[in-house]
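Can you keep this structure in mind? I'll have questions shortly.
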Amino acid sequence: MEATTIQKQELYYPLMSEIIQVDHLTRTEKRFIISLPDGQSLGHKPGQFVELSVFGFGEAPISISSSPTKTGQFDLTIRATGRLTDKMHHLKTGNLVGIRGPFGNGFDVSLLKGKDMLFVCGGIGLAPLKSLIDYTLARRSDFGRIIIVYGTKNPSEILYPSEIKVWQERPDVEFHMTVDRPDVNWEGKVGVITTLIPPLDLVVERTVAAVVGPPVMYKFVLMALKAKRLPDENIYMSLERRMKCGVGKCGHCQINHTYVCQDGPVFHYPDIKRLEEAI
Amino acid sequence: MNYLDTITRMNLHEKYLLTSKQIPDFISFLKTQGAVYAAQKKGEQSYSYQYVEDPANVVLDYPRTIQPLKKFFLPPREELLSFDYQNNSYQKTDVVAEKRIFFGIHSYEMQGVLRLDYSFKKGNPEGNYLNRRENCIFIGVSYEPDEFHLANALGIEVENTEGLSIYLEPVREGYIAFVIDEAGQNLIQGFGKTAKVTETIHIKEKPAKAKIRYHYNRLPKVFEHVYTSQVWGQIAKKCLGCGTCNLLCSTCYCFDVRDEVSLDLQSGTRERFWDGCMLNRFAEVAGNENFRDELSSRTRHRLHRKFKYLTEESGALHCVGCGRCSKYCPAKINLGTTINALIDDFTEQQKLKEAY
Amino acid sequence: MDLQINVHHLTRVEGHGNIVIDMQSGQLKKAQLEIVEPPRFFEAMLKGRNFHEAAIITSRICGICSLGHQMTSLKATEAALGLAISEQTLKLRKILVHGATFQSNVLHALFLAAPDFLNVGSVFPLINTHKEVVLAALRLKRLANEIGELISGRAVHPISCVPGGFTKLPTNEELAALREKLVTQAIPDASFVVEVVASLAGAIPDFVRETEYISVYSPQEYGLYDGQICSSDSGLHPVDDYLRVTNEFIVPHSTSKHARFNRSSYFVGALARFNNSSALLSPLAKDVAARLGLQAPNYNPYMNTVAQVVEVAHCVEDTIRLIDELLATGIKAEKPNQEPTRYGRGMATTEVPRGILFHDYTYNRQGQIEKANCIIPTGQNLANIDDDMKKLVPEIIGEGKAAITKKLEMLVRAYDPCISCSVHLLDVQFDE
Amino acid sequence: MSKPKVAFFDFTSCEGCQLNKLNFENDFLDMLEHVDIVEFREAMDDKADEYDIAFIEGSISTPTCIERIHDIRRRAKVLVALGQCACSGGVNAMKNLHQPDWVREEVYGNEKYRFPSIPAQPVSAVVKVDYEVRGCPMSAPEYLHIFKSLVMGRKPEIFDHAVCVECKLKENECVLDKGMFCLGPVTRAGCEAICPGNGQYCTGCRGPISNLNLEGAVEMLREHGFSETEARKRLHLFSANELV
């Protein structure tokens, strides 16, 4: 029987890995720096994710928010929204968590070489994009302009303030930020993220946009990019779906014939343009 | 396929007579060769595949069981690992791959298993499923299609023997056992009490009761054009979202995973359960966004998986026509009727196109 | 002398009740158990309901006596519709009643009443000081619940007992396994519990007030599942006479109605059953009664708890007997008989742990309820509790408020009142 | 870590859920290992001021109930509605289908003002409820799951799919198929389909799933031979508040 000859895989067993640092980012977000046993590297591509688990609290897909150029450890940025993610916020340095992965289709960095990069990050969407931002910064000379457009609901939700400070100060990074609802101390721009796109001065043939944000954001960002005449082929986006296995088995993340966990989460826009239910 | 072709094709196999009296003996013999599972009565008028304790309880003439054979390879509830909550360590849960003989299954049931094989082998081949799938022998039996069976219309005839080792066809004296493969040959020989049959056996025609207006080859084509059909909305009016059609489907395999700790709060297990795209939380993500909120889009997704998405990938329809989703749907939504309505919609469209 | 006692929301009883004593210048103005549980309108809910639903709904009158309500409801429905039940159904139901009775009696005697004898506020401290007793009681309770789960699907709000029979039957093997547990586990546990109760008997207040004792009576067996109404004053009365016996009346201090028959009040419950039927107890139960010094007739209401323990022994032993009878022939597959042969009125009575219970339904030709009435034991006891308090308070007036309060609380608890189910109304008619 | 303080309170109900809890004989002592029970009127005399977890049984059906539940909410960190009476009003809510004042007059005549009664409401109609343990009676496995989850400090897993799912997982014979009535297709799971598993039909005691297709449900029952009036009446048995 064929079943005996096929290479069977043990898909669901996590690697117990240690939290080596916890950074408090906002009221609802924390960054965890994690090291795999024996100093192994995760070997991921920017945009990929892991299945993170804490026994008794379940498992969930979490994007890797550090660049593959950082080895021996990797970052997860987690928003507390439920069973597992709330528990993560109670864990401390030295605690063990289960890691499976990396999974999914990340950004193909070879295709991005030499391009101007436009990062459109809505809210926690900055977390998955940060792996690519960090990568492009680590290989700065491989890329043209680096433009980061970032929007959050309010100033208290701004992720990675110290990194942002660096980005703002670097001459070779163009960083733009806005909040939906300012507080008394806010001096920056106010408005939804799409208001940041029209003023941008882009060389559209050379620019590749990478878009990640909450589900409602995509439609409007796409409209804004279209208005700038950015070709569809130059747009990549990462989609979020419920997923349990991360390896194309559990069925939850399917959008029509596409599996987000395998074909995504990073998609080339032309591939999903005609996919109903996708955006 | 021509009915006479079937007779000829079947008669090419070696065949033996198992008299009605011999059947229990044969089952007892099978029990010496492995764990035997077969359809048995469950409640008043339903059947279920169960371990055979007593050969007398085995039923060979039955319309269908409640759960399909998938329950043996992808159990409704399966422990993946057990963990120590306090120390954050875990143990893999062994998958026991005993030798199993499935006795008296229908051709579409076998086909259902072959479809699942595809789903679990592709991409990342899953050990849990494939280990359970090893060492299994299937002995088929003929059946009389009822108004819910669509297998014939979908190209899986009653006498389809793919995947089987032996196929049983009822005759006056009992059953003719057609030997399909070596494993089947070994079983028949090991039993040793059967008489070889050399004359041609006339196989009774078993007409399908449910019909589909198109040849099944054309269904993926139909599904390319009915994404926006109003049929989905019509079904959604009756559909209750109970998920029966997913869970009992021969080829649905989606699952959910949950952790549970025991009351001592020391240990626990990670388990997976059957899940289905008709159910509420299936496509919900953080922030309570649900990407398939409407029952109409859920039914559409379910049937597109059966007739288009997986078909384009694998070349085979992923509906095997077992009829469970129609028979057990509390709202009496019938798959054959639905497909015919979609076909009508499609033809209507084509006509309009031509006129245009 | 003046004395005011107001125990608000009495603990360790089911449902909500207050004890109110008002004594002014040595004159007892008030001695009442006030029932403050909100009313729940069950008879009204039953109107227009299908005959399969009556038992499902009435079970929700009380989670503690849900099985008793179901049994009485089924019997009333069967009487109204002329549905005969099989011998097997009868025996299984009797086992269910035994299980429910001894589970409730164990719960009350050991978890709710015993803390009083040991001067603690709840069963929880006893887990440390009297672990063996608590474990034995828990095992007995578990076994009683297993009886319910095995035969009726669930111990609270049973599932598979329906008019005419059962929707699912236990297997012979399951019954045999249950019997084994009863013999090897329940009998020793019950004997152990009896010894413990015997050692506590000294803490039972010495109070006597003769009253009328009313229970179900059957000449063949200790009256629980079925029989006639028996009054210690006036003898046997047919079930159909239940309204004459109970005479419900409204009192201002209670959302529950009170009852009286030959005197100003009467007693229902384990002690009434014991007083009327003790000769029919199982041999083991008779031994237990002797060991605990309980002899019929006994007029001390506090002894109700002791009578409950005696009944535990009876129920365990009689369940074993019933299982043996069932196993002798083996369980036969049968479907519930749900073909009505008539439509009309049906009345039924059963002993639930807290006393005699009545259901009375009238069905129309569609098999729907037109009129329903349920009379619950705790309601029948309320007048008797008030009368007991009126006699008790002057007798112990010298003991001080704390002691008096405790004895009053113990008195009310001894009746094992089930207040949530006692709150009901009579004959509500809805005009549609 | 100190043990969470747990309290139990009862309002208008049959107290079956409380009893069900005492029916975990095998697990009872284990449960006590993890918590301090500080208030439990049916079983003990003590009272406390604050609770980490308050379990509320029963529906709110008098003005006094409203005061009490506000008070409990103020003292409780987590408040759990226990059983269908607390979650939806349960069977008690059937009285809401009738004129309340008239019902009271029928019962108490001129004394009706002594016993104020308001429509039977779920606890959530008055205060914020953190979690619900549905069912009449609540189901023991689900209760244990929620209990453990809360003690561990995790959000419990509460289903929003139908009882049918549990029937299918258990391969129960479908009672609709036998010609009986059943509300399993539209009733929230969590009871492990205990009624169909015992050959009985599902009476809908856990209330409807969140995306109830009410007309579809009535139509489904009609297809199975039950009149529309009958279907609606039975849908109301445990869900009068949710379906009106």
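Just so it is clear, A, B, C and D label the chains in written order, and each chain counts residues from 1 on its own.
The criterion applied here is as follows: a contact is a pair of C-beta atoms (placed from the backbone, for glycine too) under 8 Å apart; a residue touches a chain by one contact, two chains touch by 3 or more.
The structure displayed is predicted, hence computed values, not measured ones.
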item: Per Cα centroids, the chain farthest from subunit C; value: A
item: Innermost chain, where centres are averages of C-alpha coordinates; value: D
item: Centroid distance [mean C-alpha coordinates] between subunit C and subunit A, Å; value: 64
item: Separation of mean Cα positions, subunit B and subunit A [Å, integer]; value: 39
item: Gap in Å, rounded to a whole number, between the CA centres of subunit C and subunit B; value: 52
item: Contacts with two or more other chains, residues of subunit C listed in rising order; value: none
item: Multi-partner residues of subunit B (each touching 2 or more other chains); value: 258, 260-261, 281
item: Multi-chain contact sites of subunit A, meaning residues that touch two or more partners; value: 56-57, 82
item: Chain pairs that touch, as defined at the top of this document; value: A-B, A-D, B-D, C-D
item: Subunit A - residues contacting subunit D, complex; value: 56-57, 82-83, 86-87, 90
item: Residues on subunit B engaged by subunit D in the complex (per definition of touch); value: 42-46, 48, 66-67, 71, 76-77, 236-244, 247-248, 258, 260-261, 263-265, 273-274, 276, 279-281, 295, 328, 330-332
item: Contact set on subunit D toward subunit A in their complex; value: 152-155, 157
item: Contact footprint of subunit D on subunit C as seen in their complex; value: 9, 11-16, 37-41, 44-45, 48-50, 53, 56-57, 60-64, 66, 107, 111-112, 115, 121-124, 127, 135, 138-139, 141-142, 145, 152-157, 159-160, 162, 166-168, 250, 252, 255, 420-421, 425, 428-430
item: Residues of subunit B touching subunit A in the complex; value: 80-81, 83-85, 88-90, 92, 117, 119-128, 130-131, 133-134, 227, 253-261, 268, 270, 272, 275, 277, 281-287, 289, 291-292, 297, 301, 304-305, 308-310, 312-313
